[in-house]
Amino acid sequence: MVIVVTGIPGTGKTTVCNEVLKLAEQKRKKIHVVNYGSIMVELSRKRGKNLHRDELRGSEVAFQRNLQAEAAEIISKKIGGADEDLIVDTHMVIKTGSGYLAGLPFHVLQVVNPDMFVLVEAEPHEVLSRRFRDKTRKRDKVLEDDIIEETLFSRIMANACAVLTGASVKIVRNPTGKQIAAAEEVLKFLV
Amino acid sequence: MVIVVTGIPGTGKTTVCNEVLKLAEQKRKKIHVVNYGSIMVELSRKRGKNLHRDELRGSEVAFQRNLQAEAAEIISKKIGGADEDLIVDTHMVIKTGSGYLAGLPFHVLQVVNPDMFVLVEAEPHEVLSRRFRDKTRKRDKVLEDDIIEETLFSRIMANACAVLTGASVKIVRNPTGKQIAAAEEVLKFLV
Amino acid sequence: MVIVVTGIPGTGKTTVCNEVLKLAEQKRKKIHVVNYGSIMVELSRKRGKNLHRDELRGSEVAFQRNLQAEAAEIISKKIGGADEDLIVDTHMVIKTGSGYLAGLPFHVLQVVNPDMFVLVEAEPHEVLSRRFRDKTRKRDKVLEDDIIEETLFSRIMANACAVLTGASVKIVRNPTGKQIAAAEEVLKFLV
């Protein structure tokens, strides 16, 4: 199975992926985890360019789109047999200066062909404290509204991906201190 | 025309479809109603398997997807001429243990080719009393939030289907006791 | 670049497009603006038909869909070189008597191939006063709820378009009196 694990920054998505990997090792399950962003950064370095996401102009958008497509090809080669699971750690939506970009546009979906989309979610105030590494200060309502918008856009894009592919959308809540429970929820669906 | 009538369990979708059929007979309109789920259940029985939707694993997901595709082919053969209407009674979204599944993924849409998606909706507390056949007990806020999420996901998937096909999305409210009015709203769009 | 500027009626979308054009002229940037709806109206006139959107029946839906496709072809011929920008002034969602229609269904997206979707948004009460050209009367909650639904459906369709094309979705707020600031936000992304 190919399971795409997504979450907006601060939801603890990568932490959950790492816990899944640990639990899978304990249970001697064969799992691979790849990070979409890392593959894109590596590819852009090879081309002597930095990957940046603020106010992308035409040529940069085209460059990013090509990287996304190349990264999808690299990932598709890591897909194993029916008894192996591949977790793709990525974003459903990427907030840039030019607006929200789909982390998994149609051309990527056709190559990666996922069986399930996991949306790791957390409460807006938790997302904000994780982003700013500060658990006491009271947060701005504006910032919370931004998190709510980003979460909604992730859900919308996930559902569009579900219609395109037939794969399911699973919401996994990841409140503070519960990353192992969240990881176990993901692990349940693996082979 | 091909009209897909959807609604989460408890919205009274099938009741509305039955009323549409009755009203159409009174007006001597030619209408066929097919139930997507029933066709899938029949197909799975022929293969000696039960259709279940809890915590689908890889092979089960593949099995379901194949049934969905076969059911779409069967339905497409029931599509009549320009003066006949076909109502497909189905779900926009199916809540399973593995997350939300699209009732009408792209490969199904391409075969069924609908002209309109009807979303039968009801208030969360009405959906809950219909699901639990009890109209007095006060419902849990958690349960209501689940209904709100399911309703949102149905709307999102319907809009994704609208972008893919160019067909329209019509919301039809079905409050208690108003199923005939709801049916008349659907009937208006038939040939 | 091809930038699609959308907004529900009353958000001030066309005003923003006009301001973009003015600002671009001042800065001697080469920009073309086309209005999707006007092209469709012209095409329907040539066929001796009126374009209307209330309770579209089967044949009318087919007629509209063909116009949409033809208009897309006309627009695609206006797309210039890499140093030119084309703004397509249109709707993400069209509210008709038969439900919500996608302004940019998949077959149109494949022809127009946009790089960015701009959603011009305004507060529900501002949208209502612009629609009814009256800034004092208190508005109905029902009407406000309709605006909220239309705005949500626009966002959902925009995200579905983003998944299909890989283009970004940019929300541009257009509060009363701020159309120049809104236009400058759009202009930033042009070549």
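Letters are used for the chains, namely A, B and C, taken in the order the chains are written, and counting of residues starts over at 1 for each.
Just so it is clear, contacts are C-beta pairs under 8 Å (C-beta built on N, C-alpha and C of every residue); 3 or more make two chains touch, one makes a residue touch a chain.
Given the structure is predicted, the values throughout are model-derived calculations rather than measurements.
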| item | value |
| --- | --- |
| Residue-number overlap at the subunit A/subunit C interface, same or different (half cut) | different |
| Superposition of subunit A upon subunit B: rotation angle, C-alpha, nearest 5 degrees | 120 |
| Rounded Å distance, subunit A centre to subunit C centre (Cα mean) | 30 |
| Where subunit B touches two or more other chains at once, by residue number | 156, 160, 163-164 |
| Parts of subunit C lying in touch with subunit A, wherever the complex brings them together | 1, 82, 115-118, 155-156, 159-160, 162-171, 188-189, 191 |
| Parts of subunit B lying in touch with subunit A, wherever the complex brings them together | 55-59, 61, 65, 68, 93, 96, 98-102, 104-107, 109, 152-153, 156-157, 160-161, 163-164 |
